[in-house]
Every structure is written in C-alpha cells, then in structure tokens.
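Labels A, B, C and D are assigned to the chains in the order they are written; within every chain, residues are numbered from 1.
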Amino acid sequence: MKRLGRFVKSFFLVDMLGGLLVTLRLYFSRKVTIEYPERVQEPSERFRGLLRLHRDEHGEPLCIACKACQRACGTACFDIEGKKEEGARFLRPMKFDWKLDRCSFCGFCVEVCPTNAIRFSREFRLTGVRKDGLLFHRDEMYITGSDLQEHLCGGCRRAR
Amino acid sequence: MPEDQADRPELRELLAALAGRFAGAVLASVVDEGELSVRLSKDALASALRFLKEEAGFNALEDIAAFDNLGSAAEGGQRFTVVYRLGKFPGALRARVAVDVGEGESLASAVPLYRSADWAEREAFDMFGVRFEGHPDLRRIYMPDEFEGHPLRKDFPLAGRTGGA
Amino acid sequence: MTPFVADVLIPVGKIVAVILYPMVMVVVMIWLERRVVALMQLRLGPNRVGFQGLAQPVADAVKLFFKEDIRQRQADKLLFGISPVLVMASSLLAFCFLPLGEPIRIGTYTLTLWIAESPVGLLIVLGLSSISVFGVIFGGWAANSKYPLMGALRSVVQVLSYEIPLGLTVLTVAFAARSMDLVEIVRRQEASGVWYGFLMPVSFVVFWISAVAETNRAPFDLPEAESELVAGYHTEYSGMKFAYFYMAEYAHMVLVSSLVVILFFGGWLAPFPSVKALDFLDVVPGFVWYLVKLMFFLYLYVWIRATFPRYRFDSLIRLVWKWLIPLALVNLLVVVLVRYLL
Amino acid sequence: MELREYDLNMGPQHPSTHGVLRLKLAVDNEVVLGVEPVLGYLHRGMEKLWESLTYTQVVPLTDRLDYIAALSNNLGYCLAVEKLAGIEVPKRARYVRVVLAELQRLASHLAWLGFMANDIGAMSVLLYAFEAREDVLDLFEEYCGARLTIHGIRIGGAVRDLDTPLVSRIRAVLERIPKRLEDVRALLDENRIWKERTVGVGRIAAAAAIDYGLTGPGLRACGLAWDMRKDIPYSSYDDFAFDVPLGTNGDVYDRYLVRLEEICQSIRIVGQALDGLPGGEFTAKVPRVLKIAPGEVFHTIEAPKGVLGFTVRSNGTDKPERVKMKSPSFINLQALDHMCRGNLFSDVVGILGSLDIVLGEIDK
C-alpha cells in the first residue's frame, strides 16, 4: 500500500509542488537587502575597523613611542621613532609609520598599548587606489571620515 | 592522570609485544595518556607499521609529521625525524612512531598499508626532501615541480631565495 | 485605404512589429527573470538602472554591443559566425505565425494580428524551433574547445529526445482541433467552449515539461550548467555574438510559452468562454488576455528555475524515454479513442 | 577512428571548486575514470612562517587556514599549546570556547549547505543558507569585532566574556535558524531531482573511508561514530549531552543529512553551554612572553570539516620550533578520486561539494 501511495505522490509531482510553494511564500516575504550607499548598516561598537591614534582631552597625543605595538605585531606593520624633548615627561613619536596593507587586524597592538593610544575605529571603508595611500604617517593616523577617504584614494575621478 | 589507568595495561602489553618482535629496533618508548610512543630504527619501520595495523588494530594513519633537527638537540643524531600518528578506531587509542632519517636516506613508504599516507608523504618529501621508497607517485605537492630546494628545512631562508618583499 | 497603404505600408509595419515584439519581450523577460529570482531569494534584484531596474537589460545589451568580439585562432570561422545567426533567426522567424488576437476591422480592411496564417502553422513553428539546435551544435563544435563541445553534445541529445513528446502532445491538440492552423485551433477552442489545457491536462503537462527541456531551461539546463561546464556551448562567445545566443534563448522561451498559450489556453480568448456570466470580460481586447497568459507562463519558467536543482544528464534522458514518451503515447491513444467514440 | 578518453581540466579558476583547486579529470564521454587534484595555488608557507613567530602571534594566522571556520583553528592550536605548556584553562573559559566553537560549526555547515546546493543547481538555497549564516556572523562581530578572521580564542581562554545582552542575542539567533532550515529541507530533502543527484553518488565504504583517513561528517555518513568531542573529549565537551548523527551508505545524500543534523546538535550544545555557564575567569593568566620547555604534543579537535590536529614542538624559547597542522580537508580530498570513479562528470561537482573542503586549509 505504501508503494502505491508513493507512486501517486510522485506521479502528481507532490514534492515539486511543495518546493514551488516554499519559493512562492518567500517571494512575498521581507527582503533582507540593505541598499548600501543610501543606508549603511553601522558595524557593532566593538568592530575591528581601521586603527586610529587618539589624543587626550588637552589635544596631546597619547602615544609615548614605547614601541610595545611594534614588538607585539606579528606582521611588522609599525615603524616608530620616539624623541624626548627636554622638560617633557614622556617621549613623543617623531615618526609613526603604519602599513595598512600588512595589517591583519589581530588586535595585539591595541591590547598591549599602555596608554590606550591606538584603538580600532569602526571605519570599514578601507579601499584605496594609491599604494602610498595605504601607508599612514604619524599625523595621518588621526584623520577620520571624508579626509580619510581622500587620503586613501585621493585624486580619484569619481565625484565625492 | 587517573582516567588513563584503564588503557595503560593494554598499551603496555602492546609495547611488550612490539619490543619482543623488534628487539633491536625499539630505541625508546613511553606510554602515557592513552598514547603509545615508540622510537624505531629506520629499517624496522615497515614491519612495525604492518604489525601495528594488522595485529594491534591501528587501522587509521592520521598524520605524518616531519621535523628538521638541524641545530636543535636531535635525539637520534640524524637530520630529520618523521613521526607517524596512528589511530585505533573505534576507541581512542593512539600510537606515535618516530623514525630518524639522515639527509640523503629514504624510508619505506606506508602507502601499501594506509592509503592516507600518499599525500602526507608527498608533502614531507616536498617540504623536507625525505624520500619514500615504494611510493606510487612521489612528486612535489605544493611547490611547482621545477622548484629546487625544500622550504621547511631550517637552512632555507624565511623570505625565500629571491629575497621576499 | 489606398492599395499602397494596404499592400506596402501595413505589411511593412506588421513585419517591423513582429521583429520588435520579440525584442521587447526579451528585454522584459531578462528583467523579469533577474527580478523574480531575486525576490524569491530574499533580495531586491536590479533596481538602480532606470525605473526599478527596467533599463538594466538595455544596459546589458549596449554593453555587449560594444564589448570586444573575441574569436580564437583555432575556431572554425564560418561555423563560429553562423551559429548565433541560426539560433536567433529561427526563433524570430517562428514569431510570424503566432496569432496574437482577433483580426481588427478598420473600415473595409481587416488587419490580421499575425503575419502569416497557414494550414500547417503549427508544424512550421515546431520545425523552426528545432533549427536552433543546429546553431547550438555548430557553436559548440566551432569553438574547438572541450567545454563548449560537451555543452553542445548534451544539448543535441536533450533537444532531440524532448522533441518526441513535444510532437506527440501537439498531435493530440491537432486531433482535438482537427487542424494544424494555429488560428483555427483557437477558433475551435472558442467554439467548443473549453480550453484544451483543461480538456487534456496530461498533454499540457507533458508539453510544458518538454518545452522547458527544449529551451535548455531550469531543471534541464545541463548544456549551460554554470557549475559544471562554465557556460556550456556559448563559453567561447563574447560581445554581440554572445548577445545573440542570450537573446535567442529568451526569444525561444517566449515562443514556446506563446505556443502553450495558443494550443492549450485559447490564445486570445477571455477566460471561461462557456460561462455566460463572465461575458463582460470580452470587452477587454483579445491581445491583452494573450499577454496576461503569456506573462504567467514566463513567470512559471523563472519560478521553476529559482526552485529546483539541476538534473543530471542520464536521469534527464531516462526521464524522457521511460516516462514522458510512453505517457505521451498513451495520452495520444486516449485522445484519439475519445475523439472517435464521441 | 579510435576512441580514447581525454583529460579535462577543471579549475583552478572554476566556479565550483571552492577556492583555487585544479582537478585533472580523465573522462571517457562524461564518465569519470580518474581525478587528480593539483594543489599549491594557495600555499602561503604558513608552517615556515609560524617558526618565526611567537606562540601568541601564530593564533591570528590560524584564522586564515580554514577561513570558513576560523574559531575552530584557533581552538585547535590553542589547546595544543596549552597542553604543551601545561596551562590550566578555567571552566568558564572552556564553556565560552564551546559556545564559540559550536556557533562556528553552525556557520561553517550553513556555508557548506549554500555552496553545495548552488553547485547542484538549487541556487536559491545558497541565499537562504547565507542569510541564516549572517545572523551567526553578526554574533561574532558583536562578540569580538570580526566576522570571518575572528581571532576570538586566545592561548589560555577567550578574548572577552559572554555578557548577558550577548547571551540573549545568541539565544534569539538559535531560535531563528531552525525555521530557515525547514525551508531548505522542504525544498531539498524529498525533491526527486536532488535525490537523483545525490543518492548513491560518490559512495565510499566504511573500510575504505578509514583507509583513506576520512574524518568528520564524511566518515560519519558511512555509519562510523568517530567524533573527537565524544572519543577524546576536550574543553569539557563531556559535560554536554548531544548525539552524533550517523549515515548508512556513505553517499552524498547521507553527508547532506548528517551535516544538517549536526547543525541541530550544535544548537543543542550551545543552549546547554549557555544554561550551565559557570562563574569565574573567562581566561587563564598567561605570561606575555610565553616560553615553553622543550617537548612535543599532538592534539586533535573535531573541526566542522573533520579531525583537525596540531603537532607543536617547542625548544624552550618563546617561538615554536615546529607547528605541523593535520588538515581534515587535505586528507578528505584524497578520497575524491576513489569516490568519483564511475560517476558522471557533473557528479564530480556534487561530490566535491559534499566533501566540504576549504583550500586555505589544504594548501596551508
């Protein structure tokens, strides 16, 4: 008897129609596409985006050029030279080069930084057209937003 | 490690049988934590593997790991150590068979016993240059065929010969 | 209505219309396919170029028009050039015989909504639609590389073996309508008050399955299975030649769907002709009904494509020889018997 | 005209070889006579690189091995190093790791489902599977900021604790996934075309599977219950009750069913782990510069693709002398030739999809 039932079901394409009903139901269901440039899905606040240096409330750079991040980095992205002006309590980085194209966003530098100077920003638009756009010098480590995009792919024809 | 008492006797008998069969060849052996670890001499390898597979029931060869002892405290004094990781299924017993092999020497291939040894041996050959006699198709597996040298040897420069980026 | 207008202007106008009609349908079809499949997959589909993405197919066509037309050195020049033309021409030519609606009387002149009406219109359309197989074989063979060759061989076997059930089911319709003329078939359905799709559901289902297989679509798209043969017989084509293949496939789909509409669902008839209460539906012109039914079947094509996995080659052939052809034969027998007993 | 079979080249740029894998197929008019995978296109020399990095710096690189299941690689490596260094991982850290590993198995199986269905033609299933997977990736992003190269498990524990909002979000996601799976099962399970393409295809006998070293869902589809989480439990997996789904005749359809069932089991495990989350530290105290006495260890875990093993040999310094990875996809791919013989050309795609291989893990 079961075989007959199976034959009838297969003859009248029951499994096919079942599949068609599923796609029809999903045809009318809510779409998940987020239309990117108009609506941007904000990444979570702990998102590991572009690394940025920070300043304290007086505008003084927090970085004391201790090179802890340079040592912790597995892919040698950092190249830091510190100098101590007379009368200052801490060294200040004269040269702070960071190669974005070598960085694997592992987060070791952020963890070892004693003064919490270097942190992940939530910036995920990291595409650039210039090779040296991917190399950030000391002052370029602070820029964010549109002038960051200018630095990454400056001179690109597309109107901003 | 209390919970390992259960399987130690079984491994200990196996070790005794192994030592009996290959008296001269067993150089060192230790049984701990559900794993029998044996260091064999080169020429006893093939028959020991056959014994372990047929009599002792280690039916799966999980991994073949090769090591370059250049510069480190080489136990056997030879340049390379090749370690066979055998597994017994069903159950959770493991056997570690370590064999030392010199620079130009070769080992008996385990492919006739375990099909899974095929690529593992090719990888060991590609990365270290250890040759395996009786392997059906001993070629490089990762590097291009015309590549000279064996990358994972200690004396192979990290950034590659052409001076990497 | 001077003879010049009647003999020259109107026929030329109709011919231009018949050329434009499949082109428009192809554009609509490309957009419909990408949009419907997208909506079924929880995404929006093209909605940027033009209103809701309607200009997307036009953009594709323009892109393909300007793209470089690459031909390998070892390709057979003659066959490589002819095959897209063959595929495209055969589909377009068949559109001339499709009756789109009731003839319209303008003063003394009756404007027939089709180019040619012939007593064997059905046969001609089927014959033309199988000419495109030549285009596929030549295209696959001429490219002289492995994947297109395999795609072409698969397509040949598939199309030829699916033409048999197609032919048999068309035969049942010809029996029921006692004529091969498409216009006559629709008139016969209007006279008998019931559509052949409901009269002979088995032949409709078998016809539809072989039609889907005939156009290498949905579960039967073996010849151009992206995941296996990269792109099947038109892998080596690019630029305008590829556009021909691409449009021809859609034109062929529109052709076969309109054939289904005419043969089984009464071309331009309003639904349920026998139910008197629904006569007010006749106020809507026949052409619109024809289009509504056509769109439903085109939607069905895309719906099937979005739902089902792909058949394997031998199961596909087993399906037609073990199931469809016997079923079509039995169905033909039943129809003939019923025809003569009644 | 003498007929001879010709060899067909599939890849390395081919839509369905899951990365850069090249298959040399000896084909006799669509019947496959032999398959020879050619590897090395994605070889980055990981094991050489690891020898020049410290133990902690190796962890982010393990993300890039099986890039669909980064957390399992992290877990495998960290457990091996902890066993070698004798680091005792607190109970809460072990539970957090189980939650992360099982969520990663969920995401990896959903990605496999999408790829395989798309290869066999059911392209909508790719979108449904990936839409379900997006929720799990959002959890990882919420947890530690990355979706694919997660680097969320460190030596000694995890990178962050599971706070209550995250736990409730995990539970919400775990409810949603079975519903999306029902859609897929309704589309595929009983579909005659799907069964035509998968039942009896790429079959491998249990004995041959063991001989080829097959592990993971591929082996369990032959009916052999070998699951590291049960046989050699690690990271307190033995605290959780779950069953190991088994197939019967080891073909593509059974591997499909086994993996779908494993998704449900993973959901069960994560639920139990969240309920029984103990108090305490989420990571052990690990010295910043970790030096490990000379020794060697071989530790295996049950990664989504199969048994993932790490052999770590230390020489007393803070850098490992040698880290050898036993990759499940590498061993499973060897069985492809055995499975494909006698099947048709279009089945190779289905069988390759059912093996669920990732090239980053094969080529290292």
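Please note the rule applied: a residue touches a chain if its C-beta (ideal position, glycine included) is under 8 Å from a C-beta of that chain, and two chains touch if they have at least 3 such contacts.
These figures come from a predicted structure and were not determined experimentally.
Student: Where the centre means the average of the CA atoms, what chain is farthest from chain B?
Tutor: Comparing chain centres, C lies farthest from chain B.
Student: Please work out the Cα centroid separation of chain B and chain D, and write it as a whole number of Å.
Tutor: 25
Student: So what's the Cα centroid distance for chain C and chain D, whole Å?
Tutor: Whole-Å distance between the two chain centres: 45.
Student: In whole angstrom, what separates the CA-based centres of chain A and chain C?
Tutor: 49
Student: Measure off the straight-line distance from the CA centroid of chain B to the CA centroid of chain C, and report it in whole Å.
Tutor: 64
Student: Which parts of chain A, given as residue numbers and ranges, touch two or more other chains?
Tutor: Each of 16, 19, 22-23, 26, 32 in chain A touches at least two other chains.
Student: Residue numbers in chain B touching 2 or more other chains?
Tutor: none
Student: Two or more other chains touching the same residue: where does that happen in chain D?
Tutor: Residues 124, 128, 131, 187, 191 of chain D touch two or more partner chains.
Student: For this structure, give each pair of chains that are touching.
Tutor: A-C, A-D, B-D, C-D
Student: Considering the complex alone, what residue numbers of chain D touch chain B?
Tutor: Residue list for chain D touching chain B: 39-40, 43, 45, 47-49, 51-52, 208, 210-213, 224-226, 231-232, 294, 296, 298, 300, 307, 309, 311, 313, 315, 321-322, 324, 326, 330-331, 334, 338, 363-364.
Student: Taking the touch rule as given, give the residues of chain D at its contact with chain C in the complex, in rising order.
Tutor: 6, 8-9, 14-16, 30, 117-124, 126-128, 131, 187-188, 191, 193-194, 196-197, 344-347, 349
Student: Quick check: in the complex, which residue numbers of chain B touch chain D?
Tutor: Residues in contact with chain D: 34, 59-63, 65-68, 72-73, 83, 85, 89-92, 94, 96, 114-116, 118-120, 127, 140-144, 151-152, 156, 158.
Student: Under the stated contact criterion, what part of chain C meets chain D in this complex?
Tutor: 37, 40-43, 146, 150, 219, 221-222, 225-228, 230, 306-315
Student: If you look only at chain C, which of its residues touch chain A in the complex?
Tutor: 36, 39-44, 303-304, 306-308
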